[in-house]
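Sharing a structure with you now.
When the chains are written out, they are named A, B, C, D, E and F in that same order, and each has its own residue count from 1.
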């Protein structure tokens, strides 16, 4: 997932794709958020009432199906996405990563390329 | 300013442009951050040591020259950029807007279109 | 085994679709998603180039994206096949790899 | 009074530069910035179309963006003028309005 | 009167794939309160914003195309659409939704807001503005 | 050996205007630790990533083009560049920086990492991969 929420449709398309794959009985072990895709993980997003809530949709889907939502640490740091540990380590007074997302390295992407049968990229 | 930091060069180009305009004696009363441009205002950004710090560059330039840095409230809410007031109003447990940026409405953009001699857009 | 290519940009603004078609192997599939669905418009300035490639390549259009943009079946190139998100999943399974033309 | 147009996309990927040139009035200026500077490459597949428009329009290239991309003066279309950020500011002042082709 | 400026909103991007079309419309709606001389330009992929029959149900994104029909109530009545852009996309005026306004200077007669213009006319419209906002 | 997959990193975007080229390189560097069969493809505007003489001083952005020359140390030695993409941009191989690696199977002889290929060869390279990552 390579693009941010609302700005590009990629986060929506990926969500519908993953839902369909799960409904068909496929396994989706991990979604890796890279580039502006890391912005999907912010729990501070407040979309208008009549719009979908992209972060919540992902968090709920992940909880229901045990998907590992990984946010790339390098991409996230640049763009101001931090979890509590990272915030403390960087001396920042706040953090903004939503439940269900975890911060880790690019190796988590490569690992999936090695272990899974298919890898699909959504982005801009 | 219509695009986010690091992902697109727009925030850098706008910064250099504004610096040059000020150096030449022009007035730059306001910079309006819209679309993904609102992401520039996050104080949680931690770029690598050898990269420029886009948010800090803007905050410092604004403080030095009295520029009004306005972050569009509607665009910011969607994308998870909140100041302390907004966070409280929305029931969020954290906020992330940096000093020197203030959240306000789109009228602040139109107003500049009316009052200034020139309006320049940087984006994607 | 063949490749599924995805294209998500309008061919009137961005070169991704034409570049993709030039790199397809016979038997590959191209799935148009998001703004990419405009690549299936009949009667457009790129329709000829797209149609020509259909000899070797199967063209799919993500139906939800087409409907969102007001592209009904009458406006879509004959030969293009409409699929849903579940069809997208099947295409990924049925091809050895998926290449996104971002 | 004339218009300053800014273009920040590569013309090999995106249609912004060609659309911009088709909407210029005689006396307008086009400033290539960011990835737009590739539009000033001599000998490219779009160089002819760009050169043709230089009869009516003045073409500027933001020097810092050209240097960043390894475009030295020898690679740039003759007729294109290189400016710095301060020249960019002057161009904005010297034209009645600035239109960004995003 | 001296404070009335000519504002042009330039729309060159398709709807839904990116948010620019929607967020452009949000600026237009807020801007309408400022009583300026407002025009909207639709060219290149921007013409896709006005196609009729948009149904976003399957992609889970809000369909904002009906909002264009409300622009007349905000006194936004000049929507210029470029003919060449339509033609390149295999579209004609009939593929666009009908958008009308009530003309208060003509006994509230209902008139079309969309005006199809040539590329040369679009260039003239652009060059006659005080402020150009691009999306 | 059964765990060795063919990874292709596809680079189609210019450097600096957007971050994709830089963040692609970051994936390549991390990915090199996994001992897979790695190739990089440069086509369309991606060929601009490899031009020589890049000097980012005036734009205040980090020049990452020297990093390509370090790829050999990470055993990333197959950089395929599409000839047609170069030609459309008025470029030739001489406009690209020289990138070499030391071949351990050939007494550490220095060999070029960049290989110019035709569009048809690029299509063959793409179709022979297990995993394709696009930037």
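General observations
As a working rule, contacts are C-beta pairs under 8 Å (C-beta built on N, C-alpha and C of every residue); 3 or more make two chains touch, one makes a residue touch a chain.
All values derive from a computational prediction rather than experimental measurement.
For the pair subunit C and subunit E, chains touching both partners: A, D. Under the contact definition stated at the top, the chains bordering both subunit A and subunit F are B, C.
Taken over every residue number at the interface, the positions common to subunit A and subunit B amount to over half, indicating a same-residue contact.
Looking at which two chains touch through the most C-beta pairs, you get A-B. Put simply, the chain farthest from subunit A by mean CA position is D.
Greatest centre-to-centre distance from subunit B is found for C, with centres as Cα means. A separation of 43 Å divides the Cα centre of subunit E from that of subunit F. We define each chain's centre as the mean of its Cα atoms; on that basis subunit B and subunit E are separated by 27 Å. Separating the CA-averaged centres of subunit A and subunit D is a span of 38 Å. Subunit A and subunit B have centres, each the mean of its CA atoms, that are 25 Å apart. Listed for subunit D are residues 8, 12-13, 15-16, 34-35, 64-65, 84, 97-98, 100, 102, each touching two or more other chains.
Contact with two or more other chains is made by residues 12, 16-20, 44, 59, 61, 130-132, 134 of subunit E. In subunit A, the positions touching at least two other chains are 6-7, 9, 13, 16, 35, 51, 74, 119, 121, 123-124.
By the definition of touch given earlier, these chain pairs are in contact: A-B, A-C, A-E, A-F, B-D, B-E, B-F, C-D, C-E, C-F, D-E, D-F. Here subunit B touches subunit D in the complex through residues 2, 9-10, 13, 16-17, 19-21, 23-24, 26, 118-124, going by the rule given at the top.
Those residues of subunit D that touch subunit C in the shared complex are 12-16. Put simply, subunit D touches subunit E in their complex at residues 2-3, 15-16, 19, 22-25, 28, 96-102.
Within the complex formed with subunit D, the residues of subunit F that make contact are 12-18, 44-45, 48, 51-59, 61, 63, 65, 88-91, 95.
Per the touch definition, subunit A reaches subunit B in the complex via residues 4-7, 35-36, 39, 42-48, 51, 55, 74, 77-82, 87, 90, 92, 94-96.
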